Amino acid sequence: MISIKNVNQFYGGTQILWDLNLDIKPGSCTCIMGRNGVGKTTLLKCIMGLLPVSSGEILLQGEPLQKKKAEYRAPAGIGYVPQGRDIFPLLTVEENLKVGLPVRKDGAKEIPEKIFELFPVLKEMLQRRGGDLSGGQQQQLAIGRALVLEPKVLILDEPNEGIQPNIVKQIGDVILKLNKEEGLTVILIEQKLGFARRVGEEFRLMERGRVVASDRMDNLSEELIRQYLAV
Amino acid sequence: ADTIKVGVLHSLSGTMAISETTLKDTVLMMVEEQNKKGGLLGKQLEAVVVDPASNWPLFAEKTRELMTKDQVDVIFGCWTSVSRKSALPVLEELNGLMFYPVQYEGEESSKNVFYTGAAPNQQAIPAVDYLMNDLGVKRWVLAGTDYVYPRTTNKILEAYLKAKGVAAEDIMINYTPFGHSDWQSIVSDIKSFGSAGKKTAVVSTINGDANVPFYKELGNQGISSEDIPVVAFSVGEEELSGLDTKPLVGHLAAWNYFQSVESDANDAFISQWKAFTGNPDRVTNDPMEATYIGFKMWTQAVEKAGTTDVDAVEQAMIGQETENLTGGMAYMNKNHHLSKPVLIGEIQDDGQFEVVWETEGVVPGDAWSDFLPGSKDLIADWTAPISCGNYNTVTKTCSGQNY
Amino acid sequence: MSSLLSNFMSFSRINGDSKVAPFVVVLLVVTALASSCNLLMPEDSVFYVSTYTITLLGKYLCYAMLALAVDVIWGYCGILSLGHGAFFALGGYAMGMYLMRQIGDRGVYGNPELPDFMVFLNWSELPWFWQGMDQFWVAMLMVLLVPGLLAYLFGWLAFRSRVTGVYLSIMTQALTYALLLSFFRNEMGFGGNNGLTDFKDILGFDLQSDNTRVTLFIITALMLSGLLVLSKKIMQTRFGKVIVAIRDGESRARFIGYRTENYKVWLFVYSAMIAGIAGALYVPQVGIINPGEFSPINSIEIVIWVAVGGRGTLVGAIIGAILVNYAKTKFTAIMPDGWLFALGAMFVLVTLYLPKGLMGLVAQLKDRQLQNVNNRPNDKAEEGHA
Amino acid sequence: MRYINAICACLLGLLISTSVLAASPSEAQQPLLLELTEVKLNKALPVLQQLETTEGADMLALFKTMLNGDLYYEKETRRLIAALKEQSVTRYSDLFSGEVLSDLSKKQVRKIKVNNKLRGYLGEAIARMQLNHPDSAVRKDAVRSLFSDLGSNTITLIRDARLKEQSRSVQEAMDVALALYRARHAEEATDRLQAIKDLEGSLEPEVRNQLTQLAENDPSRSVRKAAQTGLDKIDQQAEMYGFINQLFFGLSLGSVLLLAAIGLAITFGVMGVINMAHGEMIMLGAYTTYVVQLMLPNMIEYSLWIAVPLAFMVSGLAGILIERLVIRHLHGRPLETLLATFGISLILQQMVRTVFSPLNRQVATPDWMSGSIEINPLLSLTLNRLYIVAFALLVFMILLIVLKKTSLGLNVRAVSQNRDMAKAMGIRTDRVDAMTFGLGSGIAGIAGVALSQLTNVGPNLGQAYIIDSFMVVVFGGVGNLWGTLVAAFTLGVANKFIEPVTGAVLASILVLVFIILFIQKRPKGLFPQKGRAAE
Amino acid sequence: MSILDTTREVMRRDQVWPFLQDHSQDVDISHQVLLYVEGLNLSFDGFKALNDLNLYINDGELRCLIGANGAGKTTLMDVITGKTRCDSGTVYFGQSLNLLEKDEAEIAQLGIGRKFQKPTVFEAHTVMDNLELSLKSNKSVIPTLLATLNSEEYDRIDHVLETIGLKAERMMLAGSLSHGQKQWLEIGMLLMANPRLLLVDEPVAGMTVQEGERTAELLTSLAGERTVVVVEHDMEFVRSIARTVTVLHQGSVLAEGTMDEIQNNQDVIEVYLGEAP
């Protein structure tokens, strides 16, 4: 679905991603894991076109993405839930959701009911400003917002950060449901092993801007965890 | 030097560009003409143009630049009083020579400046006389922008009117900020002030851009010139060219020159101007005539003195005569002010003025007003033995500075 | 690592590498050279520097000082003042009042007590706020106090009520605009539109003599250097760090326990005083002070000088002010009809191509050099902080 | 007398037809007419007075033509002719026969000058002649314009006309005139008392003046008292209408502020660009009006309707251009936009100076926008202001709808709040930016059209409004259109209510001080953005 | 009151003028309770974020605060630290200090430190400077102007750098740290200030499990000497540190007790935990 070949990326003079290679299978749910600051978020931003890559290729279903500007990547089928959620703070919940409507292929004018089925809180909060919501509510809104786009790939950057346990579970269910029942490809950055194990099929471990291990989730060994996740 | 340098110190940008650009062009035209005639003292004239950008301190700086860097022999320049006041110390320090072509509030006479515009007694007083005697005006609105020229003029006029027996309640004085654009309340006040059954007139010293909205509001509130005529001292042909004059017909202005005055000199001047600017619609106005007279006189004085040396030219200037564009002769007095005729014109719908009244003969410009307590004893006389810009005829001394 | 060194290091990282010392040296050397060339060289010598140039340079340096004042609060504390011209003008008026009183009976009306414009408006005695202004020390006190007090009052009101961002900027603009209109009024007793002019001498020295002019110029240069060094020093203290912290996260700074409004008020007052001093030095050199200095456009221009030079670098502000004004002088002389095109284009191009101003360019070049030499990636993550 | 203008306006149309109908002048009139061509300006009045009373041809056409400044005579024959000015060409016709004199050139004719004094007299004389005009409105205006000059022969004319008069309102006006005359001249105190009673309810300034005089000078005490009572009543009314008037002034000033600021409320308020070139966008709009009138000199009446969409396009395109070339590169650096747009504003100012000259340009006001509607003698609302208030509100509503109801509005706000995220949501931020900036600039252009009707069209136009605009937007609360509306009207009304007390200069200062203090109370303007995110 | 009375009041002999009084009051904890929160109410545009909330924190305690998203935990901290004004209720620090009368800076100087949910650090400053600024010191203008780091303070910074594992990044600008690193830095800033009461909002969000464990150790070690209130959703983490847990729901306290009690509380399971873990 998405394949990344030899991507290098710099912040100013500092190289963050080093010849990074990554392959995401269609319909899979892949967890990217690694310590703080290894470049996970950076990688996602590169996929979204929010950061320029200095060399390498990013392919979506075999088509090169890096020529496309960021605003054409959502229509190409990528939904993005950023770290820190990045809700439009002064738009109401409803408006936050509506932003993505024009991208949909079906030209819907209203927010699909499905979103509210997945996250009932959003329905209650419809007229409140996004910025006023609590962290957890914002997270749900961010996922909902990405789903409005009807993406082929859903990218989530630490979606459980600061979410109450039962919602974490609910989000897990939602991801599983989307992935398993609707065949949505999911890329997930997750620090919590438990959650990763529950929803992920595949894992990728990152270290200093490189993917250092990739396999099926079942094969994530204590060895690897100690090597790449422990401090 | 192999040329005689003429400095031109008029704002070409900023708020004053609107008025001053024309004067720059006038000087350039005069220089060109003089050069065609073979120059001066056998040398060509060279104009040095700078832009003080309507920024007052810049006038001082540019004056210094013209005098020390470009070494000009004379400067034609300034419009607002404050710009002149700013340039003055530099002129006096470096002993320069400047011609100032705009009507102003008086109360000044410098050895280094010749004032070719009107002093208050050459504009305001005759205008009021006309309104009072010919139109029978009994109630007066003195409306002005809040700065020195209107303040002084209005003070002089107030004193003058009271001396003529006008009661205090028949005088309304109103000041507005620069560029005032919302005249609704003031015009409505004027309207009610004018509906008290006595003939009322507005004496306007409103400056620059504020005039257009003022006249527009007059027109819209239905005040026509027959009801309440407005006589203005800062509205000339140039200002009218930016206005739809239909509603203004009949309002008045007092100047020493109108484009519409028929005379050969004027016709020649106008066609020269139109040719020079390449624009058949360009108008001429009073400060242009003042520039014209100043320039002519200067060339005559230089020829008389045989040199461009400032002191020699200054002395040669006094007593110079030049033909006015409106006929008659302008005369340079000992106080560095001109004697000129005063004309009163009514605005026509073609943006021109129709002369409706003029003084018999010329009026000598008075540097120090006779109607202000502080200056009624002062005179200016730049000839020996007085040689002073502010000589007190009572104490027989030259008060303050001695240049 | 000694704490002092770390202090310095951290500073240079925050705000580009602006070296104050070399700049001050250059400034003083140029000043000394120009002054001596004016006084010692004969007028026809190629090395002669005309008095015109000296006053021009003096004026630039005053503007530079003003830019410094703006940079202190804008560059370091993020307070965009669109009204700093007001403090400059107030300082200028204080000085102007002193100079006006020095005229004594040499005015046109020869009144020993009253300045000409008061005689002219029939005033019979000096208004209270003119009392004592014939004393140099009183006037100098006022140069500091009046802008300082106004800044204190305004800052105290605004910062305590947590007025920030554009709201604050526009309020400073309103402030200077209100002052502009007030000073235009003849009733205010500051000479209305004409302002104060026609000065004769300062402390008994003839203002029109070359010696006085050169002295004023030198004083300005020394003052500027002094204030530059002082400002730099202040910004290197913890106070300076708090100021920058307020710029980037005011509420965070509050939660650490800093009373940010006090910091802002004091910095604002300091900056206003610098502006006042600049104004005071400006007036005797250009010979006039009038309400035009309060005009909001002037204040905006000051900000632009700083931006052109590079905000938050102090030296940059000074260079920016000198450069823009030099360009103005040159452009108005070379192309009086089109200089606004050139100036406008200059502003646009600088913004587009030198986002961090001239100092940013310098830093960039230096970085590149460093990279080439060390071949080690340099950390340049200085985000623009609005 | 102020009705003369109105008379003139409606007479203009009738001019040709009446002059055709005029009979040729009588024996007695001929020498007077000849004298008119020779006499000096200040001696012309007696001649005209004689002409009015001398039997013979109707002099109405002559007077009207003269009042309009269209009266000429042929130098050779001394024959009086009327000029008909149409744009650049002037046609002449014989005043009395109406015969068109096509072979006459400018050189062969000379104008008969008028001055204010003559104009005043002509107006009155025309009014006297028109007491029997078929149109009742004209008759009424004629009567009212005679109020200030009720001589005995005028009064006889009015008295005669009153007998024949059918129209109610004209009758009333005539009654006022007659009562005025009696109040002034009646010998008996009772007559004067009766006259005062008859004058009751009239708000004419002449009535008030007359009552003042009676209240002060009348020998009879009861008359003085009655006059005073009448006066008090009028003053009471005057106070009320004065209040309404001031309110109107305030609203109209407010609508000017609103128009000027509303474009900025988008470019600055919503997009966050500190747009110093906003004033120049207004200026471009005003110049567009000028150009439209220049190109279509025969369509002054419709020029504004053409100018509004055109100005929107011109300024809008300029805005888009600026956005594409400059602003686009400054995302995330809002303060730098100040610098760049300031540069742009300098360039634009100098550009119009170069293209159109530094002088102000003349923009005509269409007839339907000039003058005022008179509600009563104490209260009249100027038409141009009335239209501008309506126009400002209209523009505001349209803008509100565009921003609230179209996806553009949503997208703009999303982009301004988080550009990266907006991109990630597939919003084409480039297009949104350009369109929004274009919209804001276009609206500024429209404002320029309106302002061209009130003030100078010159290179400094923009500068005059930029500071006020920022003040309004900030006072109202950045990013809130309603705030801008309320702020504009508040400032306008406040200004107009302070102005009569303190004078214009102090009023502006006080308003500024008020804003400064107000912002201390509400640091985010009238309608602040609320909630956590706004911190 | 007449002017005379006012003057008399101001000039009372038995009392020092208010502005001369020593304001550096000490926290009075004679009843072992450090923080009293009583009857707190707060609503935003009609939405009740805090609803008659009562909470008592003992001195030296480590208290965990959990509750559904939007329960009002962050808002409660906002009220305690002076960021948000509440509609009604009281908040006392010790017996005598009414926090509602004070502003943020004052409260911070009293010794209440806070870590935000979303890490907030001074992005244009280096890690080192961030720590220096948070140092417990006199924070008024003049002393700050004259302040320099003495060797003791310098050591302290070093020590904290060590603790938060950012030694290598000490000269980096805080703005270029990753999310997790910023979290650590903010904890470091808290440590520097050496506060009496720490309010820690979601410290381990974005950290790996192992890092979370380290944070837990750190917080546990702090308790006792200081009082710590932790908000966290990570139940593993909460269990590892918690002694008393308070559950908030819809702006008021739903349950309070030990971890075990809470985990078996039916209400809590329903609104927060989901089915029992």
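List of remarks:
For clarity, chains are labelled A, B, C, D and E in written order, and residue numbers in each chain start from 1.
Everything below uses one rule, namely that a residue touches a chain if its C-beta (ideal position, glycine included) is under 8 Å from a C-beta of that chain, and two chains touch if they have at least 3 such contacts.
No experiment lies behind these values; they were computed from the predicted model shown.
Relative to subunit E, the chain whose mean Cα position lies farthest away is B. Interface comparison, B-D versus A-D: the pair with the greater number of contacting C-beta pairs is B-D. The chain with its Cα centre farthest from the Cα centre of subunit A is B. With centres taken as mean C-alpha coordinates, the chain found closest to the middle of all protein C-alpha atoms is C. Averaging Cα coordinates per chain places subunit A and subunit C 51 Å apart.
The geometric centre of subunit A is 32 Å away from that of subunit E, both derived from CA atoms. Each chain gets one centre point, the mean of its Cα atoms, and the points for subunit B and subunit C are 37 Å apart.
Centroid to centroid, with C-alpha atoms defining each point, subunit C and subunit E lie 43 Å apart. In subunit D, the residues that reach two or more other chains under the touch definition are 349-350, 463, 505, 508, 530-531. Annotation for subunit A: residues 11, 14, 132 touch two or more other chains. Residues of subunit B in contact with two or more other chains: 12-13, 146, 177. By the touch rule above, subunit D contacts subunit C in their complex via residues 268, 274, 276, 326, 329-330, 332-340, 342-347, 349-351, 354, 463, 467, 470-471, 474, 478, 505-506, 508-509, 512-513, 515-517, 519-521, 523-525, 535.
The residues of subunit B lying in touch with subunit C in their complex are 12-13, 49-53, 55-57, 60-62, 64-65, 68-69, 80-82, 85-86, 88-90, 93, 107-108, 146-148, 151-152, 177-178, 372-375, 378, 389-390, 392, 397, 399-401.
Interface of subunit A with subunit E (complex): residues 11, 14, 35-37, 41, 83-84, 121, 128, 132-137, 139, 158, 161-170, 191-193, 229-231.
For subunit C in complex with subunit E, the residues that touch the partner chain are 3-4, 6-7, 9-10, 13-14, 234, 237-239, 241-242, 244-245, 247-249, 251-260, 262-263, 266, 379, 381-383, 385. Across the interface of their complex, subunit B is touched by residues 50-52, 55-56, 59, 105-110, 117, 119-122, 181, 184-186, 192-195, 197-200, 208, 286-288, 290, 292, 329, 332-333, 336-337, 339-340 of subunit C.
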